[in-house]
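Two complexes are shown next, each including chain A; its partner changes from chain B in the first to chain C in the second.
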Partner chain A sequence: MDIVVSQIMTGLSIASILMLVSLGLAVIYGVTGVINLAHGEFVMLGAYAAWALQTELGLSLLPSLVAIFLILAAVGWLVEVLVIRHLYARPLDTILATWGIGVMAQQAIRLTAGGELRYVQMPESLSASVTVFGATESAYRLFILAVALALFAVTWGIYRYTSFGLKLRAITQNRSVASSFGINASRIYRLTFAYGAGIAGLAGALVSPLKSVSPEMGTTYVVDAFMVVVLGGAQSLMGTLASSGILGELSGYLAFYSNDTIAKALVLLAIVVIIRFRPQGLFTARVRA
Partner chain B sequence: MPVQGKNKVSGKTKLEIAVYAAVCLAILALPLVLHDAFLLNKYARYLVLGILAVSLSLSWGYAGILNLGQATTFGLGSYCMAMALKLKTIPIHTGADGLPDFMVWNNVPELPWFWKPFYSMTFGVAAGIVVPMLFAALLGWFMFRGRVTGVYAAITTLAAMVVVQLLIIDQQAYTGGFNGITDLAQFDVAGFTFDAYSSSSYYLVAICLTVSLFLALAVTKSKTGLIVQAIRDQEDRVRFFGYDVALYQIFIFSVSAAIAGLAGMLYTIVMEFASPTFLGVPLSLSVVIWVAVGGRQSLLGAMLGALVVTGTQGALSESETFLDSWTLIMGLLFVLVVLFLPKGIAGAVEKLAGKFGHRRAAPVPPPQLQPQRTEAVANTRHAESLS
Partner chain C sequence: MNKNRRNFLKGTAALGTATLVGFPHIWNKNYSLARAADGKVKVGVLFSLTGTTAIIEESLNKATILAIEEINAAGGINGMQIEAVVEDPASDPATFAEKARKLVMSDKCVSVFGAYTSASRKAVLPVFEKQENLFWYPTLYEGRECSKNVVYTGAVPNQQQDDFIPWLVEKFGKRWYLIGSNYIYPKEENNYCKKLLAELGAEVVAEEYVPLGHSEFSSVINKLKAEKPNVIFSTVVGDSVVALHRQYHAAGLDPATMPMASLTTSENEVAAMGGEAAAGHFTSAPYFMVWDSPENHKFVDAYKKRWGADKVTHFVSEPSYFQVHLFKQAAEKLAGSDITPLGIREALKGQEMIAPQGKVRIEPENQHTWLWPKIGQCQPDGQFKILKQSDNWLEPDPYKAYPHQKCTAEGLKQI
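So, the complex of A and B:
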């Protein structure tokens, strides 16, 4: 029983991190259709922001979260204004441009903060372990799970119940008709991009105590996040939730029972097959086009 | 459209051929003035990457298939050549039973079946072209028959490359794993040995470059090439004309893979090893940068883009600080090119040349709503009426 629970909890922990990392990507891709390869670098910048606030200002992780969200939202806003907004008509080129931005972000960090690994302290109040259904679990991992679910709920709420969300959904369905009803699509896109980047930053800050922080850390996250979004369906937030759950539990299970490399290759192959037969993802919300 | 003879080559094409030939001649003539073996090896390496860029330009620039996994086929070609060259070292670098050294270290009892044909160098060279081609044809069939295009095709090719790379790293006993295949014999044909550090290898690479460049040019000028370009611009319209769009896409994807495989083989000859990094994401995305900077819709531009970018990188790599800032500048340059020069430097040059040569040009075509999009479709129709 203990092993089953702890196995499930490990999967949930992986899933919550996946969820955090891919939520921002899902929002950006779902709304604007931009494939943001710099997303991993937003995550990385968030982790470095946490590190910088801790070592320079002595701030603990929890109080600095709001600042990190704002910093990364500003970065995302800037990227949208300077680069992305010129490329909405050329979706393939957004892959290239955002990749270039990612390279720059990595190199800028390497030049300023150095290439070596950095460590972020876990908040003391959460460094203990707790017992859940007979299995011991780190309190911090449970905290991440709670934050991931909360952020999902907030995003869902914005999407569903605010006038901003209404406009967002209108644009996603048909940009030109929405514009002709007086919705400022460019502004909505910009805010969406900023919001997605901000969440990515939060994700980076939250995982930073669990993993070492390095300029290259974003690369793995962006691949994982893409898998979640492709599996879940771009325009479906619920799909993102479900697919991070599936992929999280699956990776936990595969890592436990088999060879890591082969497991990774199998998951990638599955993604290739899914793109071929269900490009809209497994859990698509029905959108009237 | 006035009726022309079928074989009549337009003035623009003649000029293009002349420019291509001039560049190739300059490349071929380099060893006459340069005798430093180390530099010749370095330049040969750049030229190989130039061939790789030509192959990507063919699929991305002309067919609109952004292959983020172009290094897959490059790496496959490189491994085929490395396997053949490794088996030639049998009397020298082996343990028991004539096995390659890394297999002995991994306790492989006998040579696996798929290594055996590589005793023949002819088979190795053929496999270096055919294996990448088959891989591309299979992947292309899988994608294009399902009408996977654009962004999804890009992600599929990227994922497929990572799968192949993971498999090669995982099967260490048969592929050398992380270390790749090292300590190779030198490539030789009919008793003539191509030393990696000599003008002979440089000439081999330069000739292959010339051949692939002109082969690719011929493909783009053919009727098939025009249809492929039309598919890039207006896929549905070409489909409505009754063409089998997927078949054309698979064709160009495979030709591109064959050229990349050739480049991979040459890379093994010049570098004297094969490594899983040859199928890596960094190399694959670098190719995309070179081609974007040089001009994706110009084979020559893409090739020169590769030479200029890798050349600059190589020149700066002696100093660590320079290399660091270079990466930053590279990223910025790349973003700027994507934003302001979507057709790369070659596109800009063409535009400038167009302005100067304006007076001599034929009557100006009437302004169209989307001139770039309709051009290739019109050409196809033209080609259609000629055949």
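So, the complex of A and C:
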């Protein structure tokens, strides 16, 4: 019995990490249509920000989270201003440009922080394990689950209940019509990009005590994030939530009953099959073409 | 012209000596003319200084350079200075092969020290075999290789496992869980481990491989909780080691009853995962930084003095260091004009020296090294505590998992 609970919790934990890393991408892709290949590097920069704040200023992870969000939001804002906004009309070029930014970010970190694996300490208060329905779980993993859900709720709230979110949805449906109603689309895009980058940074900081911190860590996360977004449907936040849940439980289950190598292959296969029959993803927002 | 004739004469002289000791490939038309000349002995240093494995290989480069500087400061090889040609193969096997060709053919180095990954060693191998040059490989590896043009100074599976596995079985029990990264090294180590476990009557409850770079171990941890093995034998490498240890620790598993036994977790990985996640787990290796011997104190002090007080030495940088001294010992036995790759190889056979880990010896049959395996347990401060050293130095047998094959001086033999 406790193994069943353990396994469900494991799936949820994988799902929460998937959602953390893909939420930022979903927001950026869903709103601006930019395929941001530097997303993984935003995650990586978040992890390095956590490491730097910890080693340079002695800040532990939890108090640094706000600062990390702001730092990465600033990075995203700059990237948008300097590069992305010139390329909205050329979606193919944004792929190349963001990929290039990713490579530069990796090398910049390698040159400044060095290439060795870095250590971010887990918050003392969350390093124990707790018992949930008879199964032992890492308190930190439960914390990540809670933060992921909270971030999703906040993002959802912004979408649904703020005037910023209203404008966002208007632009997503039709940018030129929205602009003709006086909505400053460039400003909304910039803020969206900054917000997405900030969330990616938080994701990186939050996973760093469970995983390792290296300049290349972003490359695996960007693949996971695209998997989630493509399966969930690009413009649907609910899709992101549902597809991270599905992928998390599925890969946890498959890895438990076979192994992680096979799980990875089967999950990718399942995604290929699904998007063959449902190219728009599992969930789609109503968009007037 | 004159110079060419001199080289030619030296070449014939070397051929003469070589014939006496009976080289098998003496009439190979690619026989290289690399030799010591002009009072200098040229060697290549081929470790990545950029790219993914640069961090670890940089430390190997530093250990090699340190040894070369020590030898030169002490008067060189019979008065000849060692000249190091340093190349950066950028963590890329194809670049490794290209730089190796340059070092051997255009720089005419008499030996090359280098490589960390098996992929890069395999990439340079044809160059050294075709040019009859000599490559010195310091990394522990999966064995099952028998090249006459490589000197292997790192451990092979039997040297890391022969003491380790029985010790763990006796101390912790007979239910073993094998987990590794999905490539050749862990599979070969596990092959040998399974053989030893079968002899000891122990049981392998699972053998599992995760993709390279894998960082989500929660399902693995659930399996560990369900299986409750006595020992987890881990050949997971790189950043996955860090993720596995941290998630094991976060899940509240206890190393006192279910320890991880690793062949690849060194002081480097421990620094990245933090002492709290590493404490209590075991590693088997011929060298740990804390090893208490006068030679090791000398090595660690010299290394820190040369490269910085915060630098660490580990079980791959130590062989990188002592193999240069072995090279010097072999070359010293030769007259200047006889310092050729094959001359060194013949002089090297059976050479012994006191390395930081203890007295090591090059096995004449397979050009691997007799080493002193040790069992270390990681402490919360991130250093290892050495619990046991093997009673005797251990003979290298790169084909120990394959009883019908043996690496001999004549090449690989089927028995």
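Just so we're on the same page, the second predicted complex is superposed on the first by the 281 of 289 C-alpha atoms of A that agree within 3 Å, B and C clash if a C-alpha of one lies under 4 Å from a C-alpha of the other, contacts with A are read in each partner's own complex, and residues count from 1 in each chain.
One rule holds in what follows: a contact is a pair of C-beta atoms (placed from the backbone, for glycine too) under 8 Å apart; a residue touches a chain by one contact, two chains touch by 3 or more.
Because the structure is predicted, anything quoted here is derived from the model rather than measured.
Because the two structures share chain A, they can be overlaid on it, and in that overlay chain B and chain C fit beside each other without clashing.
By the touch criterion defined above, A:97 lies against chain B but remains apart from chain C after alignment on the C-alpha atoms of chain A. Legend: residue contacts after superposition of the two complexes on their common chain; A:246 is shown touching neither chain B nor chain C.
In the superposed pair of complexes, A:214 makes contact with chain C only, with no contact to chain B. Once chain A of one complex is fitted onto chain A of the other, the partner contacts of A:264 extend to both chain B and chain C.
With both structures placed on the common chain, the touch criterion links A:202 to neither chain B nor chain C.
Note on the composite model: angle chain B-chain A-chain C, taken at the C-alpha centres, equals 60°, rounded to the nearest 10.
By the touch criterion defined above, A:38 lies against neither chain B nor chain C after alignment on the C-alpha atoms of chain A. Of the two partner chains placed around the shared chain by superposition, chain B is the only one that A:86 touches, whereas chain C remains out of contact.
Of the two partner chains, chain C is the only one touched by A:127; chain B is not. Once both structures are fitted on chain A, no C-alpha atom of chain B lies closer than 5 Å to one of chain C. 259, 261, 264 are the residues of chain A that lie in the contact sets of both chain B and chain C, per the superposition on chain A. Those residues of chain B that touch chain A in the shared complex are 66, 68, 142-143, 146, 148, 150-152, 154-156, 159-160, 162-163, 166-167, 169-170, 281, 285, 288-289, 292, 324-325, 327-328, 330-332, 334-335, 338-339, 342. Contact residues of chain C toward chain A in the complex are 52, 54-55, 182, 208-211, 213-216, 218-223, 225-226, 239-240, 242-243, 246-247, 249-252, 268-269, 271-274, 276.
The part of chain A that touches chain B in the complex is made up of residues 35, 83, 86-87, 90-93, 95-97, 99-104, 107-108, 110-111, 219, 223, 226, 230, 259, 261-262, 264-265, 268-269, 271-272, 275-277, 279. Contacts from chain A toward chain C in the complex involve residues 3, 6-7, 10, 13-14, 17, 114-119, 121-122, 127-129, 136-141, 209-214, 216-217, 220, 251-252, 255-256, 259-261, 263-264.
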